[in-house]
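Read through the structures below before going on.
Two complexes, one shared chain (subunit A), two partners (subunit B, subunit C).
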Partner chain A sequence: MSQAHIDSAIKKEYSAGFISAIESDTLPPGLDENVIRFISARKNEPQWLLDWRLEAYRGWLEMSEPTWAHVHYPPIDLQAISYYSSPKSIEDGPKSLEEVDPELLATYEKLGIPLHEQEMLAGVAVDAVFDSVSVATTFRAKLAEAGVIFCPISEAVREYPELVRKHLGTVVPRKDNYYAALNSAVFSDGSFVYIPRGVRCPMELSTYFRINEAKTGQFERTLIVADEGSHVSYLEGCTAPMRDENQLHAAVVELVALDGAQIKYSTVQNWYPGDAEGKGGIYNFVTKRGMAHRDAKISWTQVETGSAITWKYPSCILRGDNSVGEFYSVALTNNYQQADTGTKMIHLGKNTRSTIISKGISAGHSSNAYRGLVRMNPKADGARNYTQCDSLLIGDRCAAHTFPYIESRNPSAVIEHEATTSKVSDDQLYLCQQRGLDAEKAVSMIVNGFCKEVFKELPMEFAVEAGKLLEVSLEGSVG
Partner chain B sequence: MLKIDNLHASVEGQDILNGLSLSVKPGEVHAIMGPNGSGKSTLGHVLAGRPGYTVTAGTVEFLGQDLLALDTEERARLGLFLAFQYPVEIPGVSNMEFMKAAVDAMRTQRGEEPLDAVSFMKLARETSKAVDLDPGFLKRGVNEGFSGGEKKRNELMQMMLLQPRLAIMDETDSGLDIDALQVVARGVNAMRSAQRSFVLVTHYQRLLNYIEPDHVHVLAGGRIARSGDKSLALELEAKGYAWLENEVA
Partner chain C sequence: MFEFMQQSLDSAAQRAPAWLQDWLRDGRDRWEASTMPTRKTENWKYTSVQALREHFAPAAAGARLLRESDIDLPQLVGSRQVFINGHHSARLSDSELPDGVSLVRFGEASTAQAAHIRQYLGSAAGEAGTLFTALNDASLAEGVFVEIAAGHRVAQPLHLVWLTTNQGEAFSVNQRLLVLCGSDSSCAVVEQFAGVRDANKAFTNGVSELLLARGATLEHYRLHQEEGSDLHVGGVYARLAEQSTFNSFHLGLGSELKRIDVVVEHCGQGAHSEVNGVYLPRGSEHIDYHTCIEHRVPDCTSSETFRGIIADEARAVFNGRIHIHRDAQKTRAELSNKNLLTSTRAEVNTKPELEIYADDVQCAHGATVAQLNENALHYLRTRGVSRTEAQSMLSFGFINEVIDTVRNAALRDYLRAMLARRFARDPALTRPTA
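Moving on to the complex of A and B:
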């Protein structure tokens, strides 16, 4: 599509307020204000959101890519990316599982994923009605009964504009950082959740059952608002490796926990990590942050095994008195994967408490860094933090790094930090093998034991899957 | 059961075993004694297939198979058990989980279904009582924070759960008080059968007061210097190893 076409398309949308017909559903690579106008118009967004995006874009232009993380990769050409493509027609996907990469299928098999879900995950064009569709419908009815809103954020912009407008960008400001600004300018889609006052969400909210819906794309945006005294547990991701052509992912997740609310956000991330030489994996640059008001609690639990590069720091701003922040993380890197992940706990209110349990596992030639900030502001009287940061090395070609930052500006605040580094020793493996276990089973058992404190924070069925996932991700790391 | 012929082995380039030959028949209990550095523990590890222990010559046949051609875990699944002198800790992995995985590995080898969790739990509790170990230890990490005696009893418990064909016990008696020693002896004696053999590696004759061996061998310089019945152990106790070493030299 030529620039003239785009321009005319944009003008047309503008006058009409929505797009009626355009020649192509995919923009050519490149990013400028017209592209943003196009995206916004194509999604039928109100003026305020377009302005919001443009403001983010203008801010982004002034920013430069962060280089402080302990990861190395060739420069990313952001002008080589197409910033809009409508949901792929289902006919474009593989026609059956026979056309899908056998290695991917082997992994699904090991994870014990049912056949119809394999088809969905691999993007196979199937026209049968899935069980999950009807399940999803039942779920929706149940949620609606409780007054819970759970829908794509693009839909929320249209249906609940005042809620979205009130909270969007309040936790992660548009110009927070390079990737967050980029996401704010061009975000594709994502989830919106609202839990009304005093409501305990009747089920775990999972992105899993919206897998049939349009792909959210590489710039996902999630906003969860838990009103006063409400509770919600949100599960993101899936243990199965997702097929995805986009190399760069820059998502933003914002959590708002109003007075007395509790949000538990669990992630299992298993994007394509690249081949054994580290080629072709996903770059995952994510900004996740929650704002906890008075007596509120935000808990992040993550199991990260995928992506070539992970740059991710789910954080909590403990703004209200007595608010609680938690971060439980397992990050596993194998082959040539690189991860720089951790959290920020910003204590603003009195008697705020935070707990950080981070388990980093490095195997192969990988590099795994924990980076965490604990900040006690002057008004955070009686605030407490406990950090435990453990690294486990498998083999002698991998690396583990710990970068803790501690800033305390309140003398009554208490900060505890513990860190350990250990190795899966040859003697441990020998003991296991002498008892009849093969080396891979032994390593996975030892690693699972190492991660136990984090796994017990995961919802039950996720914890079982996470254990299996580690086993699959560690394949080939010994012997 | 086990036939070792002219076994030579080295660790980190140093020759430890120098032409050791030994034959163990089903149902027999053999005691291996000898001074420090004579190669007693090395023998156990070479048989179990510890990485870094290199066999430079000789053959070992176990239950009709070429033992040295098998991987460590394959030897274990055939029924070769080594009770460690210094059992390592595996933090975070519960004893229960570890032992169930081991028992299931053996069952799979025999073409049996893995035990269900309830049956295993019951079996494990009974076994822990038999070795005088509080069932609370089942929930703790493998050997994590166990005392020396508790580690040894934990090894014994694994042996009882796995029901091996050949159990090699590497100085299981060292560091044990008399009560614990009796627990170990009771366990071994209860397991003695016409199908099962034991190789007891020990420094002291004391253990043999409780477990009566069929044969006693004395190792010196990486080979068997002398074999005899249980009276040999008593003779050693009286005269010390120097007597024997002089005789060999």
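Moving on to the complex of A and C:
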């Protein structure tokens, strides 16, 4: 699609208002139906997707912002956000890393993501999203050989419209909640993964998301479809440059695990959490949900250390008999960060099983809440859930909360829930310090031990990163 | 909106003593300013108050029990006060009170007593209360004030019984109890609610305020034995001063609608509370216990255990909150809630909550939902016990562990016998699947 063609298409629909915006490749702040039409046209989307977006937008207009989460923040002005921006120098679409704007690559280097090396790093393909548009995709050939589709969702809409149309919005409906509806209306880009029947994805799939341009909310949409008997492990990690204004991030992730399929979704999230006074930082309001069909398995692992506010509940709908859902989470908050995170396990099928391991660490003036739901429906015969939520407190100004909802309507289902809250034990600290570790190092070691059950679920390179992240995030919280 | 109580409120305002009139007006203002909870109201997510949407006449005075044998009361060595449809029954009540205990009914309070009561009334239920506490305030024509003199160790329990019987139409009862335990005193208070089988629909709104002064010890029992169409929405609100000890036991048999809020506030250092309970709904009954343990100051401990067996199409709700305020360091708090479902149509919704703002604390909670353990059943059967009997034994055992915490031996025996009869009579409570 040529630039001229896009421009003319847009000009036709918007005789006024957007011309200057097109030149700067960033829309002026504001949201209305025209913005959605612009995004859709810009991405050259088919009519059905535009209609889908508009329907979501109209639903969203009638919804109100959720207030039940244990987080506090000033009202967000959604009209002050720009809903589209694209890095300018890549409009022609780079075919390989060499064609990527060297300035972008320099930014990656600063963030410490060795993109060049990652091609060499065994088994990791990267689909990097820089301000809403995919700029580089690697290992495409190798994946294509296995029949795996791994591409930006905007591309998937053009190349595999049937697949996208069949699954988009089936797990997180357009009007599921306020932020999911907003995302459905304005989603910029994201990843699409399809693993064909019986295929074991030959490598870990990984996407790095970046937020770069000021005042640009990001609305990624990720859709992963694992066909019958297939297997995939997906890694998501994020960093963002220092910034003083709050940035809204409202992503939607949908996982579809068809009969016998397995999806493992791992996240390391270390977006800018705001400074020590609680100024700035990302607002992270995410909807993540997976649908597990018969004998399928969905496993969420997350390490959340960033964001000023986290509002995130990766969930599993265990629809098929014998399906399995897992949630392993470490959420660390420091300074003035607030997190309200957890999971929902909805048991619909017989003999469905779920495990929830949640470790919350609060330090400084932060607040960290686990909010979860385990629901056994009348037909979930023999279903099983085990939940363990532990909270660790560091400092006397922080807060830790646990809000587990447990609903059972089946006598043969077994649910166990346990939660504990305590501080880092003085005895353990004393022992470490007596062995010559300074207090900060000792706390970091104890915290790492506290999180071990979750870290061991992470792919190896993520586990290493996660350990380091905790250390960095806890800086200044001890002593 | 609240027409269903209008007549009762007017009647209460007529009957209430002069010194309570402003109290009733204030309560009525708050009640009328509130909105009825719906499924969207977080605290009422699983409990519908639809059953209250009908006309309840004020409870008439002079109701009598047709047969006293209808009501099975524990024979406790102590003083007993009986209220029928909210009105005191001199005939069924003891005239003597144990040494160190004074009891004043609001309607009979002298000016000095009234001033004394007003000093304490609402100090526990005021802030923590729900809209139904406002309703209770608005209907406060009769209440009971009990004071245990400082330093008195009262061995005999005070037994307060609220009975509901026929009135010919649906009616409402307002029950209010205010207990003031003087410093270093100790005593036991048994609150018992029961109805006559096949009586009309009665809606009891009960509020008990328990105030423990420094070093006081209170053994408290709240037995809800109303069944069938007897509705109860109410709560227990306790305030604990330093070094005081509060032991509270709750029994909840189900009825069409039962919602009990238990709020325990640790307001003085070194206070300790223990709250235990058992709930046993069956048929199409509904029971909801909302407990909230507030730790406002350092160095307090609390422990809570609730167990329930849910049979037939019954529904149980349990919400156990532990709230540790900023600077309430060195707190130890724990909560356990276990549930047995014995039917495919039974339902339980449990939510143990922790809300913690201090770091040097040890808190834990646990919740389980399951049916009887097959291995345990199998073990008993290999010992020659029939399946039905094994189920009965295991279910009773499950509840009995909590009954064991009842300190008063006579009451413990009464509860055991009553529950044993119930288990024998009611196989639905022990069947793993219907």
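List of remarks:
Quick note on the criterion: the second predicted complex is superposed on the first by the 384 of 479 C-alpha atoms of A that agree within 3 Å, B and C clash if a C-alpha of one lies under 4 Å from a C-alpha of the other, contacts with A are read in each partner's own complex, and residues count from 1 in each chain.
We adopt the following convention: contacts are C-beta pairs under 8 Å (C-beta built on N, C-alpha and C of every residue); 3 or more make two chains touch, one makes a residue touch a chain.
Not measured: the values here are computed from a predicted model.
After overlaying the two complexes on the shared chain, residue contacts for A:Ser425 are found with subunit B alone; subunit C is out of touch. Between subunit B and subunit C, more residues of subunit A are touched by C.
In the superposition on chain A, A:Met445 makes contact with subunit B only, while subunit C stays out of contact range. In the superposition on chain A, A:Glu159 makes contact with neither subunit B nor subunit C.
Of the two partner chains, subunit C is the only one that A:Pro404 touches; subunit B does not reach it. When both complexes are overlaid on chain A, the residue A:Asp51 reaches neither subunit B nor subunit C.
In the superposition on chain A, A:Gly395 contacts subunit C only, with no contact to subunit B. Look at A:Gln434: by the touch rule set out above, it reaches subunit B but stays clear of subunit C.
Using the contact criterion defined above for the overlaid structures, shared-chain residue A:Asp275 touches neither subunit B nor subunit C, since it reaches no partner. In the superposed pair of complexes, A:Val414 makes contact with subunit C only, with no contact to subunit B. Subunit A residues in contact with subunit B (one complex) as well as with subunit C (other complex) are 422. Contact residues on subunit A toward subunit C in their complex (touch as defined above): 68, 376, 378, 391, 393-423. Across the complex, subunit A is touched by residues 48-52, 71-73, 76-77, 81-82, 84, 87-88, 90-94, 97-98, 101-102, 105-106, 109, 141-142, 158, 162 of subunit B. Residue ranges of subunit A in contact with subunit B, taken from their complex: 422, 425-428, 430-439, 441, 445-446, 448-452.
Residues 42, 326-327, 329, 339, 341-371, 432-433 of subunit C touch subunit A in their complex.
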